[in-house]
Structure formats: C-alpha cells, structure tokens
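Inspection log for the structure reproduced underneath, given as structure tokens.
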C-alpha cells in the first residue's frame, strides 16, 4: 500500500517535471504572464484610482467581482462551521 | 480552551496589548492604499485579538463586548456592505462595482471616488473576515469535551 | 534576490515540510507547520510579494495554527504514523 | 363623700391625661421613625446616585485617556496629518476605546501615571547594567572548561501587591541572563529557575524587588514618600 | 547545464513541496496529518504562482511612490513586479484558512462519533 502511494507520487512528480521544460525561465521579464494585461494595470492605477498600492486597487476595484465571490466563500465557511458544530453542542447541553 | 486563565503574567500582558493590537488592525485596514495590507489582513488581526481575549480572560468578559448572536449578524453585514456598495453603483447608472459613478454623490473626482469605494469595500471585507474567524474558533473551542490534563496535574503537584 | 539566502530558506522549507509529516506527536506537527508558514512568508518577502507575505503571516501562521492547536486539544494528541 | 368623688375625678383626669400623653408619645415616636426611615432611604438613594456618578466619572476618564493614548499611537503609525486621515484615526480610536476601555486601566491609579513613567525610565539604565553584569557571569560559567553550573529551582514570596508590578518583576527576572520565572502562584509566590548559586543569591537579596516597589509606589515605599512630601509641607509652613 | 538549473529551479522546488504534500494527503492515515498535507500542497501551488510574477533586472515591489495632490508620475511597467498573481494568491490564502476551518469542524465531528482519528479504524467501525 505504502509503495503504491510512493509510486503514484513519483509518477505525478515526473510528469510535472517534464512539463517544466517548456515553461518560461525564472524571472523572465517577457514571459507571457507579465505581458498581457498587467502592464495596463501598473501604468494606469494612479491615474484611474489614486491608489499607489497596485495590489489593493487590483483586488478591490479591477477584480472586485472576484473578491466578492471570495468573501462569499468565507461567509459560507463560517456558516458550515456553525451548522456542523453548533447543533451538536445544543444537543449535548 | 476558553476559560479564565490563572497565569498573572499572561493576563496582564494580554490586557495591556489588546487595545493596541486592535488599533493596529484598523490601521492596516485603513492604510491598505499606501502600504501592504487591506481588509483580509486587518480583519484577521482584529479577529486574533478577540481570540486572545477569549483564551485569556474567559468567555464572560469577551462575550459582553461582542455576543455570539452579534458575530453571526456581523458576518452577514460584511458581505452586505460589499454587495451594497456594488449595487449602489447600479442605481447611479454604472456597472456593478464601478465606483467611479459615485463621484456626484461624494463631491469628488471619479478617481478619488474609486479610492473611497475601495476603502468601503475593504471595511466590509474586514468585518466579514473578523467575525468568521472568531465564529469558527468559538464553535470549535466550545464543542466536545475539554480535558485540561496539563494544568490540573501541575496544580495538584 | 540573493541566491545563498534563497537556497537556505528553501532548504528550511523542505525540512519543515518533511518534519511536519513525519513527527508522531500531533501538537509538534502543528507547531512545525506554523514554522513552515513563517519560512514561506520570509521567502515571499524576498521574492517581492509583500502583500502575500503579510497575508500569510497574519492568516495562515497565526489563525491557522490557532485553529489546528484547538483541534488537537479537542481531539487526541497521538497518532500512529 | 364629696371628697371621695373629687379624688376619683382627679384620678380619672390624671389617667386620661396619662393616656393622652402615652398616645402623643407613640404618635411622636412613629413620626420620628417614619421620618428617619424615609431619610435613610433617601440617603441611600443619594449615595447610590453619588456612587454611580463616581463610577461613571471614572469610566469616562478611562475612556478619554484610552482614546488619547490610542490617538497618539495612531499618529505614530500613520504619519499622514491631513484632515481625512486624522478623522479616520479619531473614528478608529473611538471604536477601540468603546470596545476595550476597561482593559488598559484596570488596576492603575490614574493620578500616579506620570510619576510611574518617570521612575520607570530612570529604572531602565540600572536594569541594563544588571543585564550586562550577569551576561558576563553566565558567559564565564559556560565558557570555563569545568562548567561549574548548579541549576536549581527556588521560590520566594514577594511583597509586591498589584499585577502590574508582578509582571514587571517577572519580566525583569526573565530578561536577566541565567534566571527565568517559571510561574507565579496565586498568593504571590514566584517560582524561579536559576543557573547558579550566585545568581539566585543576587535575586534573593531583593534589590530588584525594592526598585520595582519604588516604581509602582507600593508597600513601605509609599509611606516614605508620604513622609517626604509632608516634610516639605511642614517646612513651607514654618 | 548550469544555466538550465538556474532558470528552472523554482519549479523543481515547488514540485518537491507538492510531492511531499500529495504524499501526506494520500499516504497518511491520520486525519490531522492529511490536513497538514493539504496545507503544504496549497502553499506549493501559491509558491508556483508567486515565482511566475518575478521579473529580473531591478523590478521592485508593486507599490508606486506617489503623494496626494502631486502630479501623476510616469510609470514603466518593467520597473514593477507583476501584481496579478499576487492578487489571485492573496485571495487563495484566505480561502485556504476557510477550508481549514471546515476541515477541522468535520474532523472534530468524526472524532466525537468514532473516538479515533485514524482513517482505517473509522472505516472498520463503519462496516
């Protein structure tokens, strides 16, 4: 059982290792991730939102809908904790 | 887990430090525009200060500040603030969460209106995260049997 | 990015990850996980992601560790593997 | 016959007068009782009002001082002094002062705060010097090839009273190399681990405890301070 | 060869961490150990995203130097790190703690019903 687990993990690691060969180099300024939309965010954030911290303006303004969904996920997690644990507590008391 | 601690040092240090931790948390929320920080981090620090109050001073002292029902109300209120600001933009003729159209309401330029909108959203996120963290901790710590083996053994010896 | 510093931190991260999974005592495992989170936070700081590092230090290293320690107090402390 | 009638009449008169007197005394007694009762009730009400007013005054004082301290801390953190950020700081400090105004000043006499801070600052150089001395001592112990350490746990009962001074003494002991406070019992007994006999003897001499009692104006130091103050007043009067 | 190692070693570190976390998730019997493995797996993924955001050659933190009321400075995109992965991972970390809370709630509930945290013993008690 244990050997089977190790074999599965090693196979997954090998596949991922093979995948890294085609990935862009570390710290490449012209990698696809940093060429597409992020230059616009960096250059326009002060003019459009007066917020020097780009991460904040991106989090709450440009990607605000994303963060709304994420806040809802946290809300759901709190609700689930209450549903799982509080009913049992009431029964015990 | 939640009980009035008998250790004088921990109680005194917690008593002195908790207001400063809470003020630092609000500072992190309010100054997310200029420095690292924002609603998530500040809310979690605020929740951690309340958890510290719970595990040092016991349930009675902590719950007379924010009761359990209030926590449950607060984490709906946080999401409501966020979604409410987004919906307010719809009434002014913009898109959902497009704070620039709030400028005539706030008497500032559209860019500054966006900045203020970000601040309001961060406050909503902070309230939601704070109450959810305290609620999860409280529900976990109140459930099930608590065996205080370590401290009772020490007191008996 | 300073290479020797980077390599030392990466080494510590891997050691902490392995130790957290191999220690038999669950409370020790949870505390080692907190140390792992702090090393991760240090690494992100020197990669330039200060916001993410701050979030990791406040969220995962403090509240996550508190929740796990509470869970260990509530259940049992010893494990078989 | 007439004489006996007269005597009887006077007797009756006297008995009637006596009855009336008793009645009047009873009435007067009940009246005074009633008034005293009402007065005591009113006094109690007044006292409760006064006590409530004192408590309200104390809590409002606590609220105000907490608010001022937090506002100073905010200015220290923020560094932005335009109106928007200062009003944000006011709101945040008000919220936190409302949430936890009874935590910061639980056992502190407010009037003494300035003197305590002055004395605490004066205490620091002495403590740093103490740390340096015991640092050298512990280094000598550890670096010598025979390692002449004798670790032992000992207890001593302190004469300090408030929790703040207990905490200050415990942290001072822990900051000094070679000694660590393990626990404080409820009755004020410190459990201290020391690396060496000499360090333990230094602690038992009680100089540090005296200094801390002087900072927080406790036990016998407060009387000495009172006497000094009174001496100055007497000198002025002469 | 050295160039190849220097260019790709961040991916290898993340793969190693991910393998450790994956082994913890599927190989360990204890439920708390499984949660710890899940935590390590998530941080490995976050490390992968953050290392994508790096830029060589003098790029600094994504915070622009700017004061209120001043003129808008001219900003070059190459001078700042890519902020988009930071934002995505910032939300991912908070979701990580939320999932941690739910997982702990489930573990405590299981312990109350079966009095054990080992997976094989729970399976034996169910059947």
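Note that the chains are named A, B, C, D and E in the order they appear, and that numbering of residues resets to 1 at the start of each chain.
Keep in mind that, in the parts below, contacts are C-beta pairs under 8 Å (C-beta built on N, C-alpha and C of every residue); 3 or more make two chains touch, one makes a residue touch a chain.
Predicted model, so just to flag it, every value in this text is computed and none were measured.
Counting only chains that touch, the fewest steps needed to get from chain A to chain E is 1.
The interface holding more C-beta pairs in contact, when B-C is weighed against B-D, is B-D.
Taking the mean of each chain's C-alpha atoms, the chain closest to the overall C-alpha centroid is B.
For chain C, the chain whose average C-alpha position is most distant is D. Chain centres here are means of the Cα atoms, and by that rule the chain farthest away from chain A is D. Our note on geometry: chain D versus chain E, Cα centroid distance of 50 Å, whole angstroms. As a whole-number value, the distance joining the C-alpha centres of chain B and chain D reads 33 Å. Chain C and chain E, compared by their mean Cα positions, are separated by 11 Å.
Here the CA centre of chain B is 23 Å from the CA centre of chain E. Under the contact definition stated at the top, the residues of chain C that touch 2 or more other chains are 1, 50-51, 55, 59, 63, 67, 70-71, 74-75. Looking at chain E, one finds that residues 16, 23, 51, 53-54, 59, 62-63, 68, 86, 90-91, 94, 97-98, 101, 104-105, 108, 111-112 touch two or more other chains.
Contacts with at least two other chains are made by no residue of chain D.
Across the complex, chain B is touched by residues 63, 90-91, 94, 97-98, 101, 104-105, 108, 111-112 of chain E.
Interface residues of chain E, counted against chain A in their complex, comprise 6-12, 15-16, 18-19, 22-23, 26-27, 51-57, 59, 62-66, 68, 72-73, 75-78, 80, 82-88, 90-91, 94-95, 98-99, 101-102, 105-106, 108-109, 112. Chain B contributes residues 34-36, 40, 44, 129, 132-133, 136, 139-140, 143-144 to its touches with chain E in the complex.
Residue ranges on chain A touching chain E, taken from their complex, read 2, 5-6, 8-10, 12-13, 16-17, 20-21, 23, 25-29, 31, 33-34, 37-39, 41-43, 45-47, 50, 52-55, 58-59, 63, 66-67, 70, 73-74, 76-78, 80-81, 84-85, 88. Considering their complex, residues 13, 16-17, 20-21, 23-24, 28-30, 32-33, 35-37, 39-40, 43, 46-47, 50-51, 53-54, 59-63, 81, 86, 89-90, 93-94, 96-97, 100-101, 104, 107-108, 111, 116-118 of chain E touch chain C.
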